[in-house]
Structures are given as structure tokens and as C-alpha cells.
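Paired with chain B in one complex and with chain C in the other, chain A is shared by the two complexes that follow.
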Partner chain A sequence: MTQQSVGTAGVKNNVNESVSGSWKRARRNGLGALYRKEMADHIKGRRFLIILLLVAVTTAAGIYGAATGMKDALEADSHFVFLKLYTTGGSSVPSYVSFMALIGPFVGLMLGFDAINSERSNGTLGRLLAQPIYRDNVIIGKFLAGTVLIAILTTASSILTGAAGFLTTGLLPSGEELARVFVYIICTILYICFWLSVAIMFSVFCRHAATSALASIALWVIFAVFVSLLAGFFAGVIYPVETDYQKAVNALANYNCQLYINRMSPYYLYTEAVSSILNPAIRSVNAVTVSQLVGAISGYLPFTQSLMLVWPHLFGLASLTMLAFLISYVKFMRQEIR
Partner chain B sequence: MTEKDEMIVLSGLTRRYGNKTAVDHLNLKVKKGEVFGLLGPNGAGKTTTILMLLGLTEPDEGYAMIDGINCTRNAMEVKKITGYLPDNVGFYPDMTGRENLRFTGRLNGLNEKEIDPKIDELLERVGMTQAADQKAGTYSRGMKQRLGIADILMKDPRVIIMDEPTLGLDPEGMKEFLHLIRQLAEEDGRTILVSSHQLYQIQQICDRVGIFVQGRMIACGTIPELGTALVRENHYALELETQPLDDRLLGFLSGIGGVKNIRREGARLIIESDKDLREQVMSYLYENHYVPTHFRQKGGDLDEIYSSYFEHEEEEAHRHDTAKRGHGRREK
Partner chain C sequence: MLTKSMKSNWKRAAILMGMAACLALPLNAAAKEKETEAAATEITADAGQVILSTDYPGVSAKPGATVTFPLYIVNQTAADDDAALEAKDLPEGWSGYFRGSDNEISSVHVSAGQEKADSPKLSYSLTIPEDAKDGDYTFTLEAAGTQAKADTTLTVKITSQEAGQSDFTAQYPEQQGDSTTKFSFDTTIINNRLTLQSYSLAANAPEGWSVTFTPSGESSKVASVPVDAGKSQGLTVDVTPSETVSQGDYTIPLTATSADDSLTLELKISITGSYGVTLSTSTGNLSASAYAGEEEKVTLAVTNTGNIDLENLQLAGQGSTDWNIRFDETTISLLEAGATKEITAYIQPAENAVIGDYVAVMTVSNAQVKGEADLRISVKNHTTWGVAAIGIIAVVCIILALIIRKYGRR
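For the complex of A and B:
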């Protein structure tokens, strides 16, 4: 009797599988339901209001910065005006891009810092995993919902900034400018997703939400502030530039060493990438000697060349995101449910 | 018992954490429609056993099967037919009770159309209709427990596993809750495994109990069976209170062959012996015009069974540890 009913259920499943697409399969394994629930949780939660406020203030400040600094920037160089909306800051207000680089991580952290440990402390994890779903779908669903929200927020904020500039200046963006802004948005999404996966990673390792929040903020401070200090220090130790002779011999090596250490920080990686993609005048992200510049014609890099320049950065950010997610994934799959 | 009737089968199930063996070669069979109580002190390995039944922890040795499906290799199928109420069951505090149930329904791949009527029906059944649209964060322990039952029933399980379900319930809530559990087994024919260290409550609803200490099942059977097993293997203890209680009676009692010890607890005598004294003592009392005001053979209720087994086991485990670690002692 029982055997028979199991048999018919199996046949029904097979029919379903052949008829329906991947969405239905996702629903059966619970990924769809988990994603929906996470999304609803985020959007209905009070925390989301804080995130919205944060993004709104960032956008407003960015627009204000561009409005105040635009005149001077245009006098210096009147090409790619649309992009200057993003990169120009006023005398006291930083640009939209640097605002995002600082505030963006918080959005990721807030969306992820209690992803797993709140399930634990609420006592919902055991109940959740006793349902017929794959365990990895729990963490994938959380990451997916966070990523989609980040994508929506980032895109909305960037478009808003562009629209504000569009309204005030009346300038139409060119196709190349739009393409550059598009790559910028992708970079920003990747960057914030990195922080989301870092936050989720800490939420898997730490039992308390407060601990994981503090740990991820600490990591953010380290990357944003201390890595550049350490880079200078280590470069000075390895390639000292105290005396004139040392300066002559080690200057380039010292600079490169500093650069490479800095690039371990996703913060630096991101800022370098977006400033290169949004500023076609930047021709290289590495040190260029005077001899290399001899005979070079001053001009702007085409979009594809700029993209080539930041390709490794994009790749690096993506790998860091994957790495953090992979660690949390493996740890979560092997963890005891208690 | 035929193969088909065995809903839960554990065979040689073992789980180690480092040097500690949390579950040690556990064998158990639970019949369809039976309520089985897994009793033991905290840290006895009850939760580990349950997690292995759900495929959430992998056994080091042996296997667990539910309805003929291997719990480790085919955990998905097992989880489709098994409802699990964890100890300290929790719900998403920002979602209402109804929303929490709806989420569970979706996770189980239920049709959107059938979810809502089913939720209404189950809320009615567990008596949570009134509070269904409150946030789950405001629920009391008893309400969470009842919502937990509704949550389990969303998937219409054949087997229900509950971990310490009666912990922290008030007496009235407890009564209702136990009634509900019994109903699930009797009316719906579901198989239920309840783990607990609260003996009295479990005694009321279980068909059979297993006593579980330090990862080993040291006794298993119906409550009367356990009582007789205890009496047979251990010793008899007779509680006696008579009017009057004098030296002549004491003299007689100590004169009976097989009496090992007589001690006084208040107005009561406890006579320990290695055989049943009831007939002998009763006829003596009758012939000599003593009025028995209390006359009871100890060993009938679960608490005594439990504590006696537990003490016994501890002694033996201690002795065993010093000699040599092994197993097979459980098969009495």
C-alpha cells in the first residue's frame, strides 16, 4: 500500500518535471519559496527603511556634490560631462562614486549579517531543514534575495543621479557614457555583493548577530583604512626610499609594492576600477614612467580599452565574492543543526 | 509484526563526537500508529538520534529507516513524510502564524490553491484560529507549540518526531497538548516518536517507551513490562504502614527469608527483599489483627523505573569503564 503510493508520487513528479521548467523545479526544492520569503522579509523589515534612507542620502549627497563641483570640473575638461556627474565632488562634499564606495558595504552588511545565526537563535533552522528542501538552497536563497535587492537599489540610485544631472544640465548622455555607467553599476553590485557574502559568512560562523555584525564592520574598517596604511609601511620596509640613492633605485618598486598590497583590499580594487571606467582620461592603472610616455598622444581611451583596464579588477571582485560565499557555503553544509 | 508495519527502524545506529559516543549501537523498531517515548536525561543522545532520523546528522555506523527509506541516503524522501517538532520550536517573529504556515506549505511544494484552506483547517484543529494573524514573535510557548503541530501537519506526515515537546508548558496547556498528540496517533494513524525527560507526561500517552542513557537504550517496552523487568532483575521493595506498628511485626518481617533490608521512612516501613512478600505479609497482618493503612509494592510507575534504571546504569557504566568498554550489555 505504502509502496504503491510512493510509486505513483514518483511518476507524478516525473511528469511535472518534463512539463515544467526550471522555476517549477526550483519551487519543488524550496529555492523559490525561500527566495520569496527572504525578499518579503527584507522589504517588510524595518531594517530596509534604514537601508533605503542610507541609499537616498548617499544619492542626494552625490547629486549635491556634483552640482557644486561641476562648474570647476567643466572648466578643466568639458568632455564626458555626463560621467562627471558621478565622479565630481564639491569642495566639502565627496563625489557620488566615493560615497558609494564608503556607504555601499553597509548595505551589503545590513542585508546579510544575521542571515544564518538569526535562524539559529529563532529556532527556525531545525524546522526549516526538516522540510524536504536541499540544505544549500537555504543559503543560496538568502544570497540571491540579497543580490537582487542590491542590484535594484544600486541601479535605482545610479539612474536617479544620472536623471538629476540630466534634468539640471539638459545634456543627453552619449551611448559610450551609458555603457560606462552600466559597467560602473555592475562593478558596484559586485562590490556590495562581496560585502553581502562576507556578512553571510560571519553569520554562519558567529552564533550571535551582534558578533557577526561587528566582525564584518571590523573587516570593512580594515580594508578601507588600514590596508593602505600597511601598504605604505610594508613597501617602505621592503623597498626603502629614505636616502636619495634609495629613492633613485627603489621608487618604482616601492610604488608597485604599495599598489599590489592595496589591491588586496576590495575597497581599493573597487575605487580603482570605477574611477578608471568613469574617467576615460585614465590610461593606465599602474605606474607609468616618463620614458613610457614619450611620444604618447594625449587623448581619451575608448570604452573597450577602459574595460580592458578594469577587467582584472572586476574578475578579482567576483572571485573574492565567490570565495567568501564558498567558505560560508561549505561551513554551513557541514555544520551541526543545534 | 510484519516488515510493512515497521515505520521506524534503527539498526546498530552509532554516532561519535571525538571520543564521546553520543549514540551507541541503537536498535529500535516502532510500529505504524504507535506512540513511542524516548526517555532519558539531558545529553543522553536523544536529539542526535532524532537528527540522524531526519538525515541532518550522519551516523558513523548502522542505519536508520523511516517507512523503508534510508534516512541518510534519501533524506529528501524521508523529510517529505516526516514531521519534526524541534525542542524550542521557533517561528519567524516578523511573520504572522498564518504566514509562517504558508511558508512551510510552499517549502513542501503544496499547491497555492490548497494551502489556505489547509491552514484554516489546521489552525482550527490546534485551536489557534484566534491568534493566526498575530505576529509569531508575540506568541507564548504553548501557542508556539500548538502552531508547531499545525506546521508539522501541513505536509500531512506519516511519521511525527517531537523533541522535548512538553518542556515549559503550563499544566492546562500540557493536558491539551498531550491530548492532541494522542489524537494524531489514534485518529489519523500517524506514528509518533516523542523524546523527553519528563516522565509523567510521556507515560500518559505512550504505547511503549525506551529508556535511553549515555547513548544506549537500556530498557524498552510497555510501562507494565518495564515494571516487571525491573522487579525481576532488581529487587522487591514493599511499602508498608500498619496500625499498630510494633516490634512484634518488625520481628516477624526481619524473620522472613529473603528480606535484605528494612528501613523506616516516617511512619512507613520499606522492606527490601529478593522475592515477592505480599501474600505472606498480608496473611500475617490479617491473622494478627493489624490494620494495613498503606500497602504497596514499589516499581510500578515510570519515575521509579526510570530512576532505578538510571542509577543502575550509572553504577554499571562506572564499573564497565574501569574494566573494558564494550557493548551488547544492552540486550537484556
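For the complex of A and C:
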């Protein structure tokens, strides 16, 4: 790829300039140069246009969904109107949030599925590493550039949706609503970053870009679709609810089992976290028994309490992201580069 | 005055007329005849005298008072005459004089056949000395003409209390009601004096009570009321007890004081007991927040809103399943009327309470009353674990970065 060669030449220049500089400065320059090169590659690439189109269509569809479903949603409950822009869908169009949960992973996958193996197959990796830069800065730079791009796209898309809300409803968001949307954006960035790190991981393991792309998509399909099917299946095996007696005894355990299996899927974790943070009326993400609800009044949770509900989800997503990144990091560091 | 001949002529004519009428209306005629006969008999008996009279020959008076007797002089004789006026047998120290058309007079002219209605305006003004003792005093007024003589004996009863006393009464002076009742008494002031009296009204009610006077048929409240001589005036007395009135009987003396009269009326009000208790928090804020599984202090305020002391008030709290609500005092042995007592409630939500709002019902009750307060309890989770989680992530990131930097480099 011509762009990558240009980028590599740039790195060479930078490194040459800083030969006389301190070791620290050289290290920083190495990472900075790699990061800038990756950003430039992404933004100048034709693939970025596809990503941009994907995000734009998602945003537009989300806004359309909110516009069509807003009237009914407001009639049901007129509190936290601004948040409803994100969570309301029309009769045929899903909400912005569920669009992002489905389409978001593609952004991450597209940014990362050929990160390492294309460099390898083009032969640029060896030349890159011939420069006096640390090997880990290559993979860190790729991850950093992808993360920043995801953050920019996600934030822009969310702000666009909110701005469309201003325009159509004329309502300004309250401070709490802004805080909730902010947490939502962080969640989404974290979620898409997970898929980025998964894609980079596959690109480290697979020699061909097509293989890593397929593997990433397969994992996405498994998490988005099959985990919930499997959860139902395993829960049914472990806690059968066939007869009335089994239903009476196992219903709660069955539900909890399904819930825990589902939560292994980042897709489910993300959906649960986002719906709790954007809907203050949700009081619990776990199964609630009738006895717990005696004397309960319907109301809205304060922002900090909603955060308390979802911190394990955020923690889980962050851990998964870090895990995928660490695996790819270790594998990349141990790989032989020819 | 009618003469005898005239009268017999009249009688005859009447009889004739009666007989004539008898043909047509025998019953009516008979009645008429009887009437005419009676009138004739009376007149005959009184004929041929001069009569001196007054409307009220016996009066009561206070020492030092001036009593005026209006006099009428009647002449049944056929001749005009002048009659000299004189008071006889006046008690020692008493004085009086005759009045006629604003002058002191000593004699009066009587026309022939003068009747009572034709009598000149004549009166006797009697001044009673201040030191007159109680008792009945009699004296005589005499009108002596040349032919006939007339006298009338008057009796003055001296009492320190003047007879014909004015009066202040109530239709139902004793009433009953609870502490919120507005009592209304229909009272009447009767002025038995001979002159208009202006009564200033006052009430000696307990502190915090309000007493107002409204003349019957009026809407404005008054502090004094004028009553014409010999007339009565209806007066509505509205009594509002103080808000903190306790059970019992209350007497409210009313006074109506004029220049001559000092009238009193006692109203009796019996306040029945009312029970009431309210439960709130000391701040009036009926919401609180608590952490699941941890006790939270809420200061409750129990107020006796009735006017009877309450005994053995029991406090109880009902939350959701497995909630634990206790009080620093479960029983209030005595809560005086109007008093407020603060009780600390310790509310412990269940370990597995869902975060968000619950309602906890606090009740205070005894045999007579019950008060209730719904507290909105916001169950929370501690934020410490969330903060800790973020800290853990940050620490792990830093450690990983350091390890990578130190050992992972190639």
C-alpha cells in the first residue's frame, strides 16, 4: 500500500531527527509517529468512507425512529424526554441505541481486522520494525488510533442525534440527562473498542485479512445471536422448567442462569448497561422477586445510583477489551517477523 | 258629659231602633241592646264628680330620684271650675311641684264635662331625698274646686334596686360542643327604663376566646347597643373557643352597662373532648434515604391535636418484606393535649431491597385514635464499590503498562 509506505518514510524521518535526543523523547516520538501514521491511513482510506456512511445511516435511522415513536413515548411518560431520543424507536425502525449495539461492532471490526496481517503480507512490517522503534508501539499505536477514531465517530453520532432532538422537540437537556448521555457515549466507545481489540487480536493470529475478518464477524454473530439461544438451552438443561412443579421450584434459578450466561456476551452487557443508564426508571438489572417489591413506589433513580447499577457491566467490558488487547499484544510480541 | 235627659232619650231611641231592627235581625238587635245598657249604667255611677287620677299610682324609685306622675283631671259636673292643686302628707324632706305646659302651677281649670282625653297636660314632679329609707311612702294629691274636690293617693316604694329593672337574658344560656364549635347565643336586652339607654357590651372570656355581639338582623358587630325606653333588642352573641381549649365547663360573664343599668348574663359552655393525633417528621419532610441492610435514623414528631391527653400511644412501622423498623420509644405513656413528642425511628431496609423508592407506613395509635405517615424511603447502594472498581481498573492498567515497558520490550 502506497499510503503505508509514505507513512513508514515519515517514521524514518522522525526517528532520524531524534537520534540525538534522549531515549525518552525517541520513545514518545516513535509512538506518536505511529499513531499519526495510523490515523492518516484510516482517514485517507476508502474504507473510512464506508465506515462514515455506516455511522451516518445508523444515526439517521436512529433519529427517524425517535421522531416516529416520540409521541407515543411521551404520552406514556413525559420525564427525561431528552434520553428518549436515544431509546425510542418507531413501529418499524429500532431505536438509536439498539442500532448502535448492532452496527457499532462493525466499525471496530473494520478498523482493526487487517491491522497486523496486512502489514505482514505486504512486507511492510519487517521494514517498519527495522526502524529504531519498539515493537509494542506498533500495536499500541494501531489500537490508539482506532480508539480515537471510534471515540470521534461515536461522540459525533450521539451529539448529532441529540441536536436533531433539540431541533424537533425544542427541549434542552438537563444536567443529569447530559451526564447520562456522557456515560452512554463512554459505554459505546468501550464496547466498540472491545470489537476493535478482538479484530486486532484476530489480525495477529490469522495470516490472511479475509480469515481474520470472517473470524471477527463469526464471533460477533455468536455473541449477538447465539449466546441468547444457548443461554436458554443450558438453563433449560440445568434448571428444567417443563412441569408445573419444576416451574415453581426452578423458575428463578432458570432465569438467573440464563441471565448469567447472557452476560458473558459483551453485546448483552452493553445493551443492559446502556438501557439502565438511559432509563432512570430501571431499578434493578437482576431478577426481582415479588417480596422485594412490596411497598415499592415507581420513581426515578438518581444518576449516581444508575451508575451503581451498571458499574459491573462497564468493569466487565473494560476487562474484556483489555484481555483481548493483552492476548494480541503478547502474541504479537512473541511472533517471528520475517 | 252626657246629661240624664239626653241619656234617656238615647235609650229610648236605641230601644226603638232595636225593636225596628228586631223585625229584620232579632239576634243582632238583642246584642246591641245589652251593650247600650251596660254603657249607660257605668256613666250613671260616675256622674257628678271631679276626678284626679294618674296612670300608675304606685311606683318604685331609688333614693335621690325624681319621679314624675302624669295627672289627668276629669270633671263630671255640669259647671266649669278652677281647682287648686296641693300635695298632702308628703314625707319629711320630700318635695314636689305641679307642672303644666312647662310651668310650675298651683291650680288648674276644669271645664264642664271634661273627660280624660280633654285633660290639660298636667304632672306632678316628686323629688325623693338621697337619704330616703327603703319602704312604702304614701301621700295624697288634691285638687280642690269650689264645688267639688278630688284627690288621689300615690304610693312610692323606695328600693335601692329600682323596680321595673332592665333585663339581659339568653334563650339557651348553656350550650355544649367540641373545641371547634362556634357557639351562638340568642340574647335579649330589655330596657324597662323610661329613657333610651345605650348599653356598652363586654364579655369576660378566657384568654384566646373571642366573643362578638351582633344585633339581630344586622351583620355588623357592635360594642354598644342603644335600646329605646320600654323596648327590647335582640343580640346574637358568638363565642369561639381558643384552638387549644381543653375539655371542661366554661362560664363567660357578659355585661351590658348603661348610665343607669348594669346588666349581667352568664353564658355556660361545656367543651366536650376531642381526640386527635398526627404523625410527621420533625422537619415535615416525609422522605428519607437509606442504604440496603443499614439502619437509617428518621426523627418522627407525634402531635396530640385533640384536647384530651392521650395515653399509651403505640408506634409501629411497616415497610417492605424483611424490613426492620424500630423506635427508640415504642410506647408513649402520656402525651398531653397539644403537645408534640419526637421519636427516633430506625429504618433498616432489607438486604436484598431493590434500589429506588419504597413506601414505609408509620402509625401511632391507641384505643381512641390513630395517626399515620407514609415515608418515602429511597434505598441506595454505597458508591464505594463503584469507585473501588474504577480504581482497580486504573491500577491494573498502570501495572500492566509498567510491566510491558520494563520486560516486554524487544
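The rule we apply is simple: the second predicted complex is superposed on the first by the 310 of 338 C-alpha atoms of A that agree within 3 Å, B and C clash if a C-alpha of one lies under 4 Å from a C-alpha of the other, contacts with A are read in each partner's own complex, and residues count from 1 in each chain.
The rule is simple: a residue touches a chain if its C-beta (ideal position, glycine included) is under 8 Å from a C-beta of that chain, and two chains touch if they have at least 3 such contacts.
Only a predicted model underlies this, so the values are computations on that prediction, with no experimental measurement involved.
Novice: Is the arrangement of chain B and chain C around the shared chain A a clash or a fit after superposition?
Specialist: fit
Novice: May I ask you to decide whether A:225 touches chain B, chain C, both, or neither, giving the answer as first, second, both or neither?
Specialist: neither
Novice: First (chain B), second (chain C), both or neither: which does A:318 touch?
Specialist: Second partner only, chain C.
Novice: Which partner does A:288 contact after superposing on A: first (chain B), second (chain C), both, neither?
Specialist: Once the two structures are laid over each other on A, A:288 reaches chain C alone.
Novice: Look at A:333 in the shared chain and tell me whether it touches chain B only, chain C only, both, or neither; answer first, second, both or neither.
Specialist: So A:333 only meets chain C here.
Novice: Once the two structures sit on chain A together, report how near the CA atoms of chain B get to those of chain C, whole Å.
Specialist: Least C-alpha distance after superposition: 7 Å.
Novice: Shared contact residues on chain A, chain B side and chain C side combined as an intersection?
Specialist: Looking at chain A, the two contact sets intersect at 134.
Novice: Using the touch definition up top, name the residues of chain B that touch chain A in the complex.
Specialist: 4, 47, 51, 54, 56-57, 67-68, 76-77, 79-80, 82-86, 88-95, 103-104, 106-109, 148, 151, 155, 158
Novice: List the residues on chain C that touch chain A in their complex, please.
Specialist: Answer in residue numbers: 318-323, 350, 352-361, 376, 378, 380-381, 383, 385-386, 389-390, 392-393, 396-397, 400, 404, 408-410.
Novice: Under the touch definition given earlier, write down the residues of chain A that touch chain C in their complex.
Specialist: 134-136, 283-284, 288, 291-299, 301-302, 304-305, 307-309, 311-312, 314-315, 318-319, 322, 326, 329, 333
Novice: For chain A, which residues are in contact with chain B within the complex?
Specialist: 1-3, 6, 27-28, 30, 32-34, 36-37, 41, 44-45, 122-124, 126-134, 336-338
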